[in-house]
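Next come two complexes built around subunit A: one with subunit B, the other with subunit C.
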Partner chain A sequence: MGGLSLGRLAFLSLVVAIFAFVIAPLLTIVWVSFFSEKILAFPPTGYTVTWYARASEMADFYNGFVMSLKVGVCATLASLAIGVPAALAIERFPFPGRETIRQVLLSPMYVPAIVAGAAVYIYFIELEILTTFQLAATFSGLVIAHTLVALPWTLRLVCASLVSANTVSEEAARSLGANALQTFFYVTLPIIRPGMIAAAMFSFIASFSDLEKSLFLVGPGKTTLPIAILNYLEWSLDPTIAAVATVQILIIGTALIVSDRFVKLGKVF
Partner chain B sequence: MSAGGMREDRNWGGSALVLPALVLVAAFLLAPLALILRYSFDKYDPVKLMLGVFSPGNYVLAVADPFYQKVLTTTAGIAALSTVIVMLLAFPVAYYISRLESQRLRGWLIILTMLPLLLGNAVRSAAWMIVMGTKGVANSMMLGAGLIEEPIKILYTQTAVVIALVSVLLPFAIITLQSVMDSIPTSLEEAGQSLGHSPLRTVFGVVLPLAMPGVVAAAAISFALAMNAYATPVLIGGPTIKMMGPAVYDQIAKANNWPFGSTLACILMLATLLLTVLSTRFLSRKYF
Partner chain C sequence: MAGVTLNNIRKTYGTLPAVDDVSLDIRDGELLALLGPSGCGKTTTLRMIAGFVAPTSGTVKFGERDVTRLPVHKRNVGMVFQGYALFPHLTVAKNVEFGLRVRGWDKPKIAARVIEMLRWVQMESMAERSPRALSGGQQQRVALARAMANHPDVLLLDEPFSALDAKLRTQMRTEIRELQRQAGITSVFVTHDQEEAMAIADRIGVMSHGKLEQLGSAEDLYKRPVSRFVAGFIGKCNFIEGRVTGPGRFEATNGSMLQFTGAHAGGAAALCFRPEHAVLTQSGTPGNSMPVTVKAVTYLGPVTEYDLVSEAGDRLLVSASSSGEGAPKEGDKLSVDWRIGDAFVVD
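Right after this comes the complex of A and B.
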């Protein structure tokens, strides 16, 4: 069986080539962020790191970055605050129709982002007309939309860790007289902590990289980083935008590796 | 009996924990979707924006107007082509990952697959623009190698959109296929091999039929995602290639034609819903 036959070699090269196809553009953009010339030319005449400083001085990128960070953190906290109890209800307190409820809570993942973005935008405006309470083009509006982007990730990962953790220790705690809250904080929470950390990471990633849902909801001076990148790309393509993209790749890559430390991603997907 | 009753009460208290999440999804996803479904039957008026009528006129326009016919066929065509290519590429990769013995390598490959997916469309499109531009890496390399005499136009063509979409969809397809292939026991392939079948014949005769639910699900997900793409057609396709996603944005945010924009959004939603139902139908059959 063993040995490297010609067929196996061809199969391996095919797999490597496909991974290269997916990864190569990302490596290229990191490479370009160090080019010394503003006008792209390959191979470059020299290398520099000044584009990173230039990018951080540009108000659109700096403010977009801070905005995405703030929205991402708020949406993550909100999705944990409502997602963990929901996961607990679904996995620990069986009730009729819970599979339907699970699908409803996961639905933000399946509704096309551009459709959901358009619908929420129209809805916000209608609400504003009815109540004079503005949500479109506000920070709160973005956080609400992003909480919905994050919720399915939180639910999936926390549910997965509740399913894989057995209920014996929870039952033991209950039979020894602990009440529901004590059981949750002293027994269940430590068990599902890795799942919660992964959930937080993925929620943050989902919010931080979201483009389509935010598209309708950003306003002047309230733009997220992906939208700032999109707007810039419509006019120019240079090492500055490559530097901004590289920063986003670094942030998301780090979050992904951190979450893999807590939950083996190979088992979640 | 009373103990049972108490337990039931407690269960109901516990299930109430689902309410905040449910309220949020109902208020900020289901209600907005219901609203645009209603608007999709309304009629646009340049002055009053909306007339408050109920007619299927927008749907008739969406399928009868030559411009939107073109948008629909372009979208479906690009989505179909991308899906076929994605399936051809995802199958070997998913098979490779699912048959890896090293958990470590497996974990790293899954991260490598997920990373581009999670970067978001803005960064991914930027990367493809740098690769495919007239002065981009691809052209420079081909010029350098003497394959072409002058730069060829790749960016802002349908080919470019398909290439970029394939890279967007690959991670979804690989992850979906790989999870189905994980559940196919390797003993079946060993049986095929011990009968003297070539590895290729084993894959097509044993693995492919068993992985079929995964193939259908992955294809449905890929097609749905491709149809709904926004950033890729806008940035990689440029102004000449019209797809549904950008059309929804243009109608609602730029033209202020909420009824017609809602109609386009509802058509996308309906197509996606059908494909999702189809894919889950097939996926659930894997536990037979």
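Right after this comes the complex of A and C.
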């Protein structure tokens, strides 16, 4: 065994530097959330967990957190209800225009979220003027917008698992006497279940962390957590915000790790 | 049990015929091979028997039952797929019971049948394994047990041995043939490997460009091929270009007059003989020989193959038992001789 060559050493340093660049801000936030001073200062004079207690006592954060959870779960379920049948149709039935449908369903991923958010808001208002049916600033309106955020992720992940689960298993089921419904529930669904779980996790993350699309759509006293964080940041900067962010990082990180156990994420992107 | 009858079935994609007017009578209990190069329509034909592809015209019958418009799951076929297509999320036993469960058999009957089937293919000790934990040969046995569990009318096998290595392939085909005979089930298998088809099929249907070129036993196809395609596809064959001038009389392009057995309407044709039915001599007799130059000598152990070229430019092949002394060498000018009874003519 020889020592590290110079080239290899340089390569390793670069890898470490890139990781540090990605992870350092996150670690800093976690670190800051334990500082004891109210005004951020380096180095800290002491450490405390009181910011976590304070954050959970603040109604805006607590309500925002609950709201984000509720919207996230509803949007995830809705995106599965739309995305799984859509993915099946696109991958299993060669009808004309399926590529167009795929691109339309994926498009929320390409349109800048702030533009899409404004568009959805204007659409809701116009709809209300026409029908007096209110969606802007309601829970349903928010769920609809977040379903748009989540849908491309669901479609992508479910399509990917349908492609890797080749149709021959389904043909085998048909040849053994299974009708279309039995084939779907006994063969297709179990095979794509890991993809669906990953899709649900990703949809939830996308919804839970969305800021821009929600900005125009939340009603007074009904904000989501990212908006509650933004509102708070406008007036104050203390470790409370770091504590809230740390909780958010933990939730998203857990969802990512769970997804990766079901579908190797590297295979999808 | 029943035979399978295909009446003038045709499948076109756009204007392109994938299967062109194929009629076929598969006898009760017979193992029939559909043989041909890729794209010849053999797989489409199999999929029309299975019900995955609807024929553009023509009918498919299982015995007296017309199944042409019946969807796959109502046909009662058993199918072994290329790569087996075992359900990856189910155990071996659950794979075998799948067809019985979706057909609503009651539980004790299912359990008994699954054990019976696994015993039949000698896989009962692996019942609780996942398909992923099985070797290729074992997966194939499970696929066969699964396909046969519901007493299908017809067993269909799509390139069943292509995923196995050469040695296992020979072993598995003998095994499958044995199991098929025991069950006495009418079977169709698709392959592009002529040796495989000849080894286990009762009859072989040779397909090319969507048409059934010839149907017969391995011996029929080898000894009496009806077309140049069949002659060249089943075993090796020599072709001397020319035309038929009268009964049993053939004029080669170089002008030499040759003789053959069998009938031919006349006109442009090729005279054929098999490499092992010919010998190399110093000078041949007119009517059943051709002067050639040795181009290459390939020693294959028990036999040696001689690549030859005639004056007219026909490439010929002779295989002979390897002998030591005095064997022909590259560049030798010799004569290929064959018996008139071994020479036949194709278009």
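Please note the rule applied: the second predicted complex is superposed on the first by the 266 of 269 C-alpha atoms of A that agree within 3 Å, B and C clash if a C-alpha of one lies under 4 Å from a C-alpha of the other, contacts with A are read in each partner's own complex, and residues count from 1 in each chain.
We take it that contacts are C-beta pairs under 8 Å (C-beta built on N, C-alpha and C of every residue); 3 or more make two chains touch, one makes a residue touch a chain.
The structure displayed is predicted, hence computed values, not measured ones.
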{"item": "Subunit C versus subunit B, contacts on subunit A by residue", "value": "B"}
{"item": "Subunit B versus subunit C as contact partner of A:V168, first or second or both or neither", "value": "second"}
{"item": "First (subunit B), second (subunit C), both or neither touched by A:E128", "value": "neither"}
{"item": "Partner chain in contact with A:V120 - subunit B first, subunit C second, else both or neither", "value": "first"}
{"item": "Which superposed partner A:D60 touches (first subunit B, second subunit C, both, neither)", "value": "neither"}
{"item": "Touched partner set for A:N179, first subunit B, second subunit C, both or neither", "value": "second"}
{"item": "Partner chain(s) touched by A:I249 [first = subunit B, second = subunit C, both, neither]", "value": "first"}
{"item": "Residues of subunit A that lie at the interface with subunit B and also at the interface with subunit C", "value": "none"}
{"item": "Sites on subunit A touched by subunit B in the complex", "value": "1, 7-8, 11-12, 14-15, 18-19, 21-26, 28-29, 32, 39-43, 81-83, 85-86, 88-90, 92-95, 98, 101, 104-105, 107-108, 110-116, 118-123, 126, 144-145, 147-148, 151, 155, 180, 205-206, 208-212, 215-216, 225-227, 229-230, 233-234, 237, 241-242, 245, 248-249, 252-253, 256-257, 260, 264-266, 269"}
{"item": "Residues of subunit C touching subunit A in the complex", "value": "50, 52, 71-74, 76-79, 81-83, 85-89, 98-99, 102-103, 146-147, 150, 156"}
{"item": "Touching residues (chain side subunit B, partner subunit A) in the complex", "value": "10-12, 14-18, 20-22, 24-26, 28-33, 35-36, 39, 89, 92-93, 96, 103, 106-107, 109-116, 118-131, 133, 135-137, 140-141, 167, 170-171, 175, 178-179, 193, 198-200, 224, 227-228, 230-231, 234-235, 245, 248-249, 252-253, 258, 261-262, 265-266, 268-269, 272, 276"}
{"item": "Of subunit A, residues touching subunit C in the complex", "value": "168-169, 171-179, 182, 186-187, 190-191"}
